[in-house]
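Same chain, two partners: chain A is paired with chain B first, then with chain C.
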Partner chain A sequence: MQTSRARLFKEYKAVQREKGADPDIQLVCDDSNIFKWTALIKGPSETPFEGGVFQLVFAIPEQYPLQPPQVRFLTKIFHPNVHFKTGEICLDILKNAWSPAWTLQSVCRAIIALMAHPEPDSPLNCDSGNLLRSGDIRGYQSMARMYTRLAAMPKKG
Partner chain B sequence: MLNKDKQVDEGGEESASSVLLPEWSYDIYDDIIKQHSEAEASESEKNPLIGDKEPLSVLEAEYQSSCPVWVKKIKFLKQKFAAIRRARGDGNCFYRCFMFSYLEHILETRDKPEVDRIKANVEESRRTLMGLGYADFTFEDIFELFLEQLECVLQGTDSISHEELVRKCRCPSHSNSVVMFLRFVTAGEMRKRSEFFEPFVMGLASSNVEQFCRSSVLPMAEESDHVHIIALSSALGVPIRVVYLDRSTSDNDGATVNHHDFVPSSGDSSASSSSSSSEVTEPFMVLLYRPGHYDILYPK
Partner chain C sequence: MSKEKERQEQEQEQESGCSIASTSGGNANPCPICLGPIPSHQESYLDRCFHKFCYECIVQWIKFAPKKYSEPPDYVTCPYCKTENSSVIYLYDENSLERHYIPQIYTDSVFLSEAHKYRLRSYYTRQGTLDGTFDVQRFWRLRKYLHQNQSFHCWVKRELQALLLEEDVEVIAHHILGTVEFFVKRNGPKNRKQPEVVREEFRAIVSEAARPFLAGKTERFVQEMELFLASGLKLEAYDEVYKQQACNDTVAQPSETSRAAPDLFIFDDTSHEAD
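Presenting the complex of A and B:
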């Protein structure tokens, strides 16, 4: 508990210090609980998520950083490796490939990389995975873009 | 096409009702963690991270009915070794054995020059990791923890007894942090000398040393192989003898047991592994390898 708190505090300071260093990621710690964080990440360019801003929510276990943070999309997203209803993310570094060398910031970067490079062979969203696996890139992109517009872009007017 | 239409329907309905998902409860995770720690508690009774010292005859008895070759070999081992201390087979056994064996050695010998020597290597490793671009806060705490532990065993009797060392090495958070420290040191060494280690990892699941470290060195519970041992031994300058208990039989009687010494070279860049030569003193750290697992061996 003490270890995780100390580590998170250091991450918090690093995030404050490097504010704006990565314009695609905005990490925010809960005012009253250092074990709860949220992040806003920008959809990577040249992907159907371009132009969208996606909210992630982190729940940090007490054994952090020996155990990975729990991360989910709060913003709806149509992506093979993200559960359509719960926002759960299938990413190896959030499970058995986790190591304390990762930080909340670098986890965000890994999630952005996953958005740009979906892995349809281990899908949490089978419909999305099937589109890619059957080679229907256009179908996948238009679905993903539609949800980006619906859920991840500011409403006009 | 059908599939896609269905998806649009479902999705349309979904997004109309809630574009943003409601914040879910984290209770699920708490439950999982609770179950996990209960399982851990019962596991640590039966099968601690680091076991007690047991006479080799215990091991012999285990294979009595199942594996005559091993029984022969264990008999051979008994000529030179007295006891075994097991590490839990959780993928961290090599590091766990290294940790306990090294700290126990310092506790018994109070070898101050050796501690000063390894501290310099730890410092070098810290600089290596910084140079490689790892954020300092990701490893500084566990480096500190190891150095404190080292100081404790060096100071001796009052601050730490042998039982206390065993207790600490069985405490998951402490023990796993030291394992993590050793994983960082191993990864740093491999990446620093990546041209040396490249041929070892080529053709494995990874295409280069950096990727190998990310997938097979740094994550907890990733098992260790030859290459990890070479890297850790040379990074910390600690020679390791590995005794191999396998099913191989030699031509004469099948009862000899091979070993290999991992000897760090004093030079920075030269190869680090060699079979034991006469001028080198025998490594104090002896590990017993059975396929997929390491334990600690105690010479007579």
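Presenting the complex of A and C:
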């Protein structure tokens, strides 16, 4: 069996086994393709993303786990390190700092940590980064909260 | 759940049922790279942080990681803790170990075939599996060693390659084959020695020749050599029989992990008298 497939299958089993162990992450594997996954993550509390549920899509390369998975946000999010249009994420562990000891589950956890601790000095979303860099925390938070309400929360009524 | 996954699950369970790994690795400390249990013949660790991996997995990572540097570094960053390590410790037991430095791993050609791997694996399983399959006593009693096995050269070479993880073993193979040849000449058809005496002599002389290279694996190597010679089979046929027996054995006795004492083998069957 292919290495990547075998490893993903192990992760799949772990996810099934530990269902609900981490209430903030819900990982789902595509029914017909083990190289395609989606995840729902909860916006961390005490951030403008609180109360929102964000969808991530994973495309896993053949060389996984030697190569990192490609992850992007499907849900619109206003965050300095996430591209506003494509959902691309700027996170070191998904690029140079990748190690095969990471799993899809721990990548999700890292993304939640990134949501709570943005890095405005390497922005993919300049508007968002500039607000933070100029010290306009309130401006950043209200923009981020607005997009959370618009895109990541169930519509009222 | 989709059918594909169910099928994979079954396949995987079948695989692990038959592999040697299932008896020793356990799920307690899986390899962080493949997330599977580490088979005992694959156990390896990094020299500074001591994190364990399957040898194949960590080598894959060592070979893959430097693609992002302009020049391959002479260390590997542990996937688990980011410590910089300069070598991988591998194939260790009470007597010996293999230490592979990182630059050496980049340049290593991949010459180990599946056959090499199965040979290497067999050195980490309980011995005596094939005792009943090939009649070693008879081999010595009937002086079958006088008839040369055409595959013997290939067998020795492959065995050394697998044990030493070295492609070029020509010199050592030559040395060992020469020793065996010398032994056969000295114990020609006219000798009047007891088969047990001849056998002891064979074991002693081959052990002496192989020990400087094989250290702690010498005894087992000599036993494996006896088995191969006693089989009288060609390489491919021998491999088939061996694999089948080894597989049956692990299925039948999954809890057996200890290795039998090396010398029990000789005293297994003393009831045979010379014909």
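Heads up, the rule we're going with is that the second predicted complex is superposed on the first by the 156 of 157 C-alpha atoms of A that agree within 3 Å, B and C clash if a C-alpha of one lies under 4 Å from a C-alpha of the other, contacts with A are read in each partner's own complex, and residues count from 1 in each chain.
Here is the rule we use: a residue touches a chain if its C-beta (ideal position, glycine included) is under 8 Å from a C-beta of that chain, and two chains touch if they have at least 3 such contacts.
These numbers were taken from a predicted model, which means no experiment stands behind them.
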{"item": "Chain A as common anchor, with chain B and chain C clashing or fitting", "value": "clash"}
{"item": "Which superposed partner A:Ile34 touches (first chain B, second chain C, both, neither)", "value": "second"}
{"item": "Chain B versus chain C as contact partner of A:Tyr12, first or second or both or neither", "value": "second"}
{"item": "First, second, both or neither for A:Leu150, with chain B first and chain C second", "value": "first"}
{"item": "First, second, both or neither for A:Pro100, with chain B first and chain C second", "value": "both"}
{"item": "If touched residues of chain A are counted for chain B and for chain C, the larger one", "value": "B"}
{"item": "First, second, both or neither for A:Gln63, with chain B first and chain C second", "value": "both"}
{"item": "5-13, 95-103 or 131-139: stretch of chain C that collides with chain B", "value": "95-103"}
{"item": "Contacts on chain A seen with chain B and repeated with chain C across the two complexes", "value": "3, 6-7, 10-11, 14, 63, 65-66, 96, 99-101, 103"}
{"item": "Interfacial residue positions of chain A with respect to chain B in the complex", "value": "3, 6-7, 10-11, 14, 55, 57, 59, 61-63, 65-66, 70, 72-76, 78, 84-87, 96-103, 127, 130-131, 136, 139, 143, 146-147, 150-151"}
{"item": "Contact set on chain A toward chain C in their complex", "value": "1, 3, 5-7, 9-14, 31-32, 34, 63, 65-67, 96, 99-101, 103"}
{"item": "Touch list for chain B against partner chain A, complex", "value": "3-4, 6-8, 11, 14-15, 18-21, 23-24, 26, 29, 33, 134-135, 137-139, 141-142, 173, 176-177, 180, 183-184, 187, 214-215, 218-221"}
{"item": "Of chain C, residues touching chain A in the complex", "value": "2, 4-5, 8-9, 11-12, 15, 30, 32-36, 57, 60-61, 64-65, 68, 77, 79-80, 82"}
